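What follows is chain A paired twice: with chain B in the first complex and chain C in the second.
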Partner chain A sequence: MDFLSSLFSFAYQAGDAFAFLVLSACGLAVIFGMMGVINLAHGEFILCGAYVSTSATHLGVPLPVSILLGTLVAGAVGMLLERAIIRHLYDRPLDTIVVTWGVSMIATQGTLILLGSTMQGTGTPFGSIEVGGYGYSVYRLVLMAAAVATLAVLWLIFTRTRFGILARATIQVPHIAEALGVNTSLVYSLTFGLGAGLAGLCGGLYAPTMTLVPTMGSAFVVEAFVTVVVGGADIFLGTAPAAAILAVVKAALTSWEGQLAGQIGLLVAVIIVIRVLPRGLTGFILRERA
Partner chain B sequence: MQDRASGVLAALGTLLLLSGAAIAEEKGPIKMGVLEDQSGDFAVATIGKVHGIQLAADEINAAGGIDGRKLELDIYDTQSDNRRYQEFMRRVLQRDKVDVVFAGFSSASREAYRPIVDQFKGLAFYNNQYEGGVCDANMIVTGAVPEQQFSTLIPYMMEKFGKNVYTIAADYNFGQISAEWVRDIVKENGGTMAGEEFIPLGVSQFSQTIQNIQKAKPDFLVTLLVGTAQASYYEQAVSANLHVPMASSVNVGQGYEHKRFKPPSLANMYVTTNWIEEVDNPASKAFVEKWHKKFPDEPYINQEAENSYIAVYLYKQMVERAHSTDHDAIRKVIAEGDVCMDAPEGHVCIDPKSQHMSHTIYLAKVNEDHSISFPKVWDDIKPYWLGEVGCDLTKENPEAQYTPSDNPKKSGG
Partner chain C sequence: MPSHSSLGSALRLLEGPQTLGKGPAFWSGFVVVLALACIYPLFADGYDVGNNVYFFNWAFMALGLSLIWGYGGALSFGQTAFFGVAGYAYGVLTINFGDAYGFTFVSLVLATLIAALFAAVLGYFLFFGRISGVFLGIVTLSVTLVLERFMSQTAGPEWHIGSARLNGFNGMGNMPSLTIPWPGGDVVLYPDVPLYYLTLALLVLVYLALRMVVNSRFGNVLVAIRENPQRAEMLGYDIRRYQLGGFVVGSALAGLSGVLYTAWGNYITPSSMGMTQAALPIVWVAVGGRSDLTTTLLGTLLVLAGFQALTIYGSQYALVAMGFLLVVTVPAAPSGIIIGIGSLFSRGLKRRKAREAR
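The block that comes next holds the complex of A and B.
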């Protein structure tokens, strides 16, 4: 029983870290992996999702609906941003870094000026369960399920829908796709919107568990980038396994020596992976297959 | 040789210019540099400090200024970034040539700018509670220190809840030194540390920390978490059904978490603070009222806001008694030992040895519905510790920071 409860505890901690890494990284991974754009405003899409969903909850909208609302609003803002700015910079990838960084600063400071330094939280729903003498938050189990569901839905979108096939075609050989009648500019917009929406989803899901402030996006960004860097360009071959490995590393080190060790372990893992596998896990897995 | 002559000439010229400036200055306004975080991770707790300074400056100017001179503010947003502090501190001291600077929230930022204040012989007010120990004649500290916040709080908690204590603290100078204080006081009172964890700034996910605490089963938990990311701890602890009593020197009085989070995530938290807007006395009521008249949208008036407001009036008193903004003259006034005033929190005085301030310390308890009650109040707690370990700024100026394990008394014997 004691063994079982510590097993559950480790699985819970690793699952919790996995959910955090997957949810915070998959929006970034879609935009980077599919479009090659390094989106430094990723944290601010998360902020957008969190603020929209929390405001909706305060207005009496049920939580799942308000999370969906946050996702949609973040996605719409993402598409707008792509139309207005990002699309003019597709052949200048370094400039997109600077531009999205600028957007991120404007968004953070704009939120501070317009909405003030903080927003009241909504409280975490569902309470807790007890296993082997420890209390566990049920909502965090929901977050784990949400992470897995998000991956599953993304997989269905990219492999089973017309949009997914067109998107992959456009990303692979844009000119041929265009010649075959694909509206590539729409595909780019939608893909960027999808990435932004996923960030919004992450914000909406984590909003009930966190402090709501204009800088909250930065709490996700480091982990998101670490996961994407370790994973490489592909979400399913890269981001998901990367998140799983990093989650185990982080959970093990945090339970052994505390948060500092967990953070150090995460970053050391990244350094090792970049040194050994320059194209991330994606490159590794694809080479193995070939 | 010629170089030397021109050097002397230049020095003479500068001297003339300076004395010219000094004469003009006597009639001109008194300039105060204000370096506070109005954006970034700490903005929640510090925007109110700027408002406090503005409120006091407006009142003082409306009543005829300081010694007949207007008080002028040069306000910079330091963006919760230590490098900005260094940059702007150089700017206000060298370019704006201010008479005094009010600066800093985090201890990291204070230690980032303090060498610059020392280098240019500036005078800086640090209006923030902190881990204590700064023995520097160029600094005046109006915030509360550990002998005021921990020597009251920890024994109270140990008596009420038990002697097994767990600390979680932000992993930088403030958290490390404060945790050292807690450890020492717990030991002195015959208690034990059930555990200690230092959390890097910016960490927002606490499941493992929460489990470690559940495992250690402490009688109460000391939370020394800093910044908005770390504040996510409370919500996550309650959702994991961790309801251990909490003690803190920074929550409520600084980040007003009881207003920002949904009850009951902060219930059963005990905080020692030198003032918060819930303090129920006529002076405080009047203070809150005039504050809201000027800043109707202020989400909360915290202890650092009150400290900042008081500090402007204390500076006014020092300048008026010294008839000058000259720092040596001001320190002579402080050395008289009676720079005091009646503040919203009660009567406060500047201690000449350490240039820190005495405080009324309120024990604030957060109730189930996040209302505040005050089970205990300690009047006139002096910042005695620096004097005890051998800091005496009326005699010498070491420009150093001491800690319980590193101070002149320790190294001397």
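The block that comes next holds the complex of A and C.
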């Protein structure tokens, strides 16, 4: 019994880490896979989702609806940003990254100036269940389900919808897609919006579990970066398996030495992995090792 | 004499294809600016002069980033990691071993070397793993963010190295300033006029040395790698070694900045490695013009002065302004504002701008 309860404890921690990695990374991965660009304002889209959904909850909107609202607002802001700035830099991917960093600074400090140094949270819903003498938050289990559901929905979007097919065509050979009549600039815009919306979803989902401060985005970005680096360009062949592997690493180190050791271990693991697999798991799975 | 001619050929590298500015006009301008910088303390209060050393402290990190990013084409977003590591190393060394017999200068060198060693280990994994531009940036950024978080939780008394407490989020303080051993009383370099001259001399030295480095064979290969890594490799250069070399030198300069900053303010905190602080060198270098040492140096000092002026209205406003500066300059003037504005007046700069815009 004791063994079973510690097994459950480890599975719970690994699942929790998996959910965190998937949810925080998938928005970044969608944009990276599409444009080869890392959106350094990713953390601020998470911030946006968290603040919008929490404000909505304070106004009496039910939690699922307010999370959806956070997702939509972040997505809309993302599309706006793409139209206003990112669009003009497609031929200079490295500069795009630098510009998104500027956006991130403006957003963090702007939030600090306009909304103050903290926002009142809503508290974690659903309470907890007890397994083998320890309490486990039910909401964390909901987050795990949400992570799996997000991956499933993304799979459906990219394989079953017209947008998904056009997006994949644009990823593969943009010029040919354009020649065949795909409105690639619209596809880019929608993809950026999708990535930003996923970041907003992450923010909305995690908002009830954490302190809301303007710099909260940076709590997510390291994990998100690391997952995308290990994963490589493809969200299903890369991000998801990378998140699964890293979650086990992180959970093991966290239960052994604490939260921070988990994070440091993650980073060290990544630095070693890129030495061996420069194109990430995607490259390994597709056998295109450099 | 061979030594004379090798000195001569080294000096000839001060001008070359990789640096802007040549001939008597540029160098007389250089001498005028240097002379103005030298006589400035005569017209200002010692306290203000000491404060202004602050600007020079950061310039080393900016020059290093210019070498890595502007010349080598490798995005390193985590230069503050080396800044912080060297700053903390200086603190630990000097708190443990004191400031007698010129040990502060030994610590300066050791701390810079520690940062360089750290950069060499990290850089080995990155460059020999042939990491592309984007990943290099986010891995280095992750390193500095994780270091910040690590140092932030070292508040407890169990976190100490020798007699130096790490002090967590509040940072480490009370390390001695740089001290010159002198018969009849050590000269302690508080933020005042002597420290100003020392830092200025160091800056001029580093600037001139870097000019020679980038115009040497090494620098030319670095630029060739930036322009086209495959071509450089086909020509027989082991590009990984060159990139690693550039990265280590640039990061050592970030470390030097960290040491000088820590010795100047007797203070270093984890937030010096955080997201905001990591963004600032990117702003200075991108806005000034990363692909040239001179524009980087001028741009950095200019942006720092502007930042300082804005901080009067609150540092969060100043940071918003820095963000805007980045968002506006990078799309509008990819080679930086100095070359951007200069190209309105000079045909040579115009050609260069056109070349870089491609």
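Note that in this section the second predicted complex is superposed on the first by the 286 of 290 C-alpha atoms of A that agree within 3 Å, B and C clash if a C-alpha of one lies under 4 Å from a C-alpha of the other, contacts with A are read in each partner's own complex, and residues count from 1 in each chain.
As a convention for this text, contacts are C-beta pairs under 8 Å (C-beta built on N, C-alpha and C of every residue); 3 or more make two chains touch, one makes a residue touch a chain.
The structure displayed is predicted, hence computed values, not measured ones.
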Combined model on chain A: chain C and chain B, fit or clash = clash
Using the superposition on chain A described above, determine whether A:103 touches chain B (first), chain C (second), both, or neither.
-> second
Determine, under the contact definition given at the top, whether A:89 touches first (chain B), second (chain C), both, or neither.
-> second
A:112 contacts which: chain B (first), chain C (second), both, neither?
-> both
Of the partners chain B and chain C, which touch A:215 in the superposed model: first, second, both, neither?
-> both
Touched partner set for A:263, first chain B, second chain C, both or neither = both
Which chain A residues contact chain B in one complex and chain C in the other?
-> 108-109, 112, 215, 218, 222, 260, 263
Given the complex with chain B, which residues does chain A contribute to the contact?
-> 9, 12-13, 16-17, 20, 108-109, 112, 116-124, 126-128, 130, 133-140, 208-216, 218-219, 222, 251, 254-255, 258-260, 262-263
Which residues, counting only chain B, touch chain A once they are in their complex?
-> 39-41, 43-44, 47, 171, 197-200, 202-205, 207-209, 211-212, 214-215, 228-229, 231-232, 235-236, 238-242, 259-262, 265, 297, 299
Quick one: which bits of chain A touch chain C in the complex? Just the residue numbers, please.
-> 32, 36-38, 40, 43, 85, 88-89, 92-95, 97-99, 101-106, 108-110, 112-113, 215, 218, 221-222, 225-226, 228-229, 260, 263-264, 267, 270-272, 274-276, 278, 290
Residues of chain C that touch chain A when the two form their complex = 75, 77, 122, 125-126, 128-135, 137-139, 141-143, 145-146, 149-150, 153, 274-276, 279, 282-283, 286, 314, 316-317, 319-320, 322-327, 330-331, 334
